[in-house]
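The same subunit A turns up in both complexes below, where it pairs with subunit B and then with subunit C.
And now, the complex of A and B:
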């Protein structure tokens, strides 16, 4: 039972690393908390649902579509909101209010067009595609969809790692994370690089939405709020402002959730909030990270 | 000699607080100019306004005969201005990555050649090139800052207090390096300092006081001004 919880927890953790990734990337670059983060996960799920039912697209085909759509959307959204926010006296506080508004608008629009219903795609979709429904690891049997999601998450993390550490754009993004003004006078087009990072953050969130059906079940318009809270817990657990620390935060969260579900299932829903309070009180910069800002 | 940087009636500040009041200065191409001023005189504000980090509320900044007053900072850097702030480096990037960002808008081949040149000047940086810049000592960080400032082969290097936080030994080293770059590549230098440490390489001196230029001339002229001699050299 313990080995099932641990292995399953790692797979869950990889997924939750992806859930938190976009929020941390945007926080790292802009020092803004995107309270609409969970809503973009929800939008990714809705896009997957509609492309599946309208055109029969497998979620694996939706991945690149979702990345392109939300990358462009995030890029444009940056130019609409962020430069104006950055010129205000208190960008961090205003960003809270603004993105809370964006979150409410997204949720309301989805309810308006699609109703306040739960949606889902068949959980056997990958089993049919690969002609195998389960796989066994150390004597434990897991659904094949967990493996597909885990591999997709690892590929996403590797791509983000390459973007960060092996491209000029990545150096520039990390430079902005360290010091926006210094980046400006290094000749970096800070707005353009930030807009791309914003787009990548939103695209990562949407990707978590595409994969969400197979890890957290059905999607519904108001799921964003809970997902933003979970994402916030994960990034605080890992390292606030360090996107790759999110993977560690996700893994800790995933294993903790699985252990709770296995041994104290009725307490599982309290876990994110308990972890959040615990880490903020004991080590507010995250379990692994250095402090990236003075609160 | 042609004028490279021409600042006319410049005013700027922070919100309602006006820091610079009608600043005028002309820096000729290839010259080494030092801007002296005590803490709070407005040196950093002037440099930040020239590179575009602070908006000018009045006046004009011309660089290489182009009006750059309204240009974005990255566009000014592309025109050939390099700015070394007091912080100067990105601690979360490696030395190599920092240098690469110094020549951000240049092509890869040119950057590679230029980095090699920097490593020849600063062998310590080559040794630690894959280390995070944040792990360097204060003196080494300053060296990296200087190397980063020269990476793009700029027409002018603007430095904000390059001697701050350094031991006299390191200040001497920074001066030597700056002098050799200036001599060899004829790079125009504009160095803001609150002490006289860089006057040895100054061909012209400006003194900024309460947001106004109160003196302009050679080091000899500065030394012959009783008030300034007392203020900056400590002798009446």
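And now, the complex of A and C:
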């Protein structure tokens, strides 16, 4: 049971690394908490559901569609909201209020179009695609969908790593994360780079939504709030402002959840938050805290 | 002067007292029915469905000129006062208070389920207003010192598994796993089932609670499998049931018997989310409209209700629409039979027709504490038929329509 919990927890944690990634990326670049983060995950799930039932698209096909759609959406959204916020007296507090409003609007619109029902795509869709329903790892059997999600998450992390460390845009993004004003002075088009980073953050959230059916069950319009809270926990565990620390935070969260479900199932929800309190008390900057300003 | 003052005081008291009596006999323009619903949050789906059922009842009685109120010997239109609690107990507390103290509703109806009803129970007791509890079946709500609550649909949750326990014992299924969400509704079912099975000598090999917002049961299913049970019983809310059945199907694990609560209440929702295969050979508690009660003496039978409700809303009703309509019927009967227009008289009137009223939801019978004991939940099994599913009632013998397919193929 222990090995199952650990291996399952790592796969589950990879997914939650992806869940928190977008939130941390946006925080890193803009020093703003996107309270609508969970709602973008929910939108990714609804897009997947919609494309599956309308056109029969497999979630793997939805991934690139979702990335493009939400990248553009995030890019445009940045120009609508963020520059004005950054020029205000208290951008951090105002961003809380603004993104809370955005969250409520997104939820209301989805309820308007889809109703309050839970929605899902078949949990066996990958089993049918690959003609195999489970796979075995170190003597433990897992659903094939977990493997697909884990691979998708790892690919996403690698791409984000490549973006940060092997592209000019990534260098510029890191420069902004280190010091926005110095980046501006050194000639970086801060708004354009931030807008792209904002788009990437929203796209990462939508990707978590596409994959969500296979890890967190059905989607529904009000699921965003819980996911934002979980994401916040994960990024604080890893390190606020360090997107790659999110992977560590996600893994700790995933393994903790699985161990608790195995040994103290009724206390499952408590441990991640105990960890959060513990990390804040012992290492307030997060486990990879040094990297906050250096990525 | 002293005599004159006494006369003035006497006349004042007489006028005030008399007008008070006259006012209390004056029929209200409307019967104000106050309730809450959740347009968002985890209870949005069942809550709005229940609310729609109550709305239908209001629409229907008002189309007949209102509800007959015996205390005033006349029909009075019903006015529904409703607020959105967004599935939050904190918001619900404020709004229930508002309904009672600001809107001065005549009838108070609870929101869906035990969680959102739990905050209404003490408020109703303090303000001495009868709470028409629609589906809040938590057994702790019903106490001998509280006459201000009546459960209208479904028995208290502690009674739900009675027939399920009998079924398991009769089929000689001897290794049981029980996983339940940690809320009063599910916990009371788990406790009842656990105690009954233990008493009968059945081996409970797994008995654990999980948080109510659990959305991944994969590892729990794996842990259950390690205990090698013959039957797995999952008590949860719809979100839990969906996640549980989805994870079960994708895990490739097989059990001889799997029981979940909500496929029998929200069949379409569960089928849409988990598919026919995941529900095949699964067991549940069937409720109307899966159970067809047409021989009724209060309100419409199920066939007529389905037609009228479809005309009204354009949708086929589910159990929670029926529960919402059913509470309307109980309110209607209360007002039709209560000799006085006050809360304790309403409670007395309900005791008068308890055990005699049969609605599309089954027999309405409450005990002294106001808990529903008339309705009984049989055990049903879904079996594949063509591309869909057929529901067979497998227990109790008096309602049985087919033999259980056990073990599941």
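FYI, the second predicted complex is superposed on the first by the 288 of 295 C-alpha atoms of A that agree within 3 Å, B and C clash if a C-alpha of one lies under 4 Å from a C-alpha of the other, contacts with A are read in each partner's own complex, and residues count from 1 in each chain.
Note that in this section contacts are C-beta pairs under 8 Å (C-beta built on N, C-alpha and C of every residue); 3 or more make two chains touch, one makes a residue touch a chain.
Bear in mind the structure is a predicted one, so any value in this text is a computation, not a measurement.
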Joint occupancy of subunit A by subunit B and subunit C, clash or fit: fit
Subunit B versus subunit C as contact partner of A:269, first or second or both or neither: second
Touching partner for A:181 - first (subunit B), second (subunit C), both, neither: first
Which of subunit B and subunit C A:4 touches, first, second, both or neither: second
Touching partner for A:71 - first (subunit B), second (subunit C), both, neither: neither
Which of subunit B and subunit C A:117 touches, first, second, both or neither: second
Touching partner for A:258 - first (subunit B), second (subunit C), both, neither: second
Subunit B versus subunit C, judged by how many residues of subunit A each one touches: C
Minimum C-alpha separation between subunit B and subunit C after superposing on chain A, in Å: 38
List of subunit B residues in touch with subunit A within their complex: 51-53, 72-74, 77-78, 83, 85, 87-93, 97, 100-102, 104-105, 148, 152
Contact footprint of subunit C on subunit A as seen in their complex: 1, 4-5, 8, 12, 107, 111, 115-120, 122-124, 127, 133-134, 140-146, 214-218, 220-222, 226, 258, 261-262, 265-266, 268-269
Subunit C - residues contacting subunit A, complex: 39-42, 44-45, 48, 87, 179, 182, 208-211, 213-216, 218-220, 222-223, 226, 238-239, 242-243, 246-247, 249-252, 269, 272-275, 277-278
In the complex with subunit B, residue positions of subunit A that touch it: 168, 171-172, 174-175, 177-179, 181-190
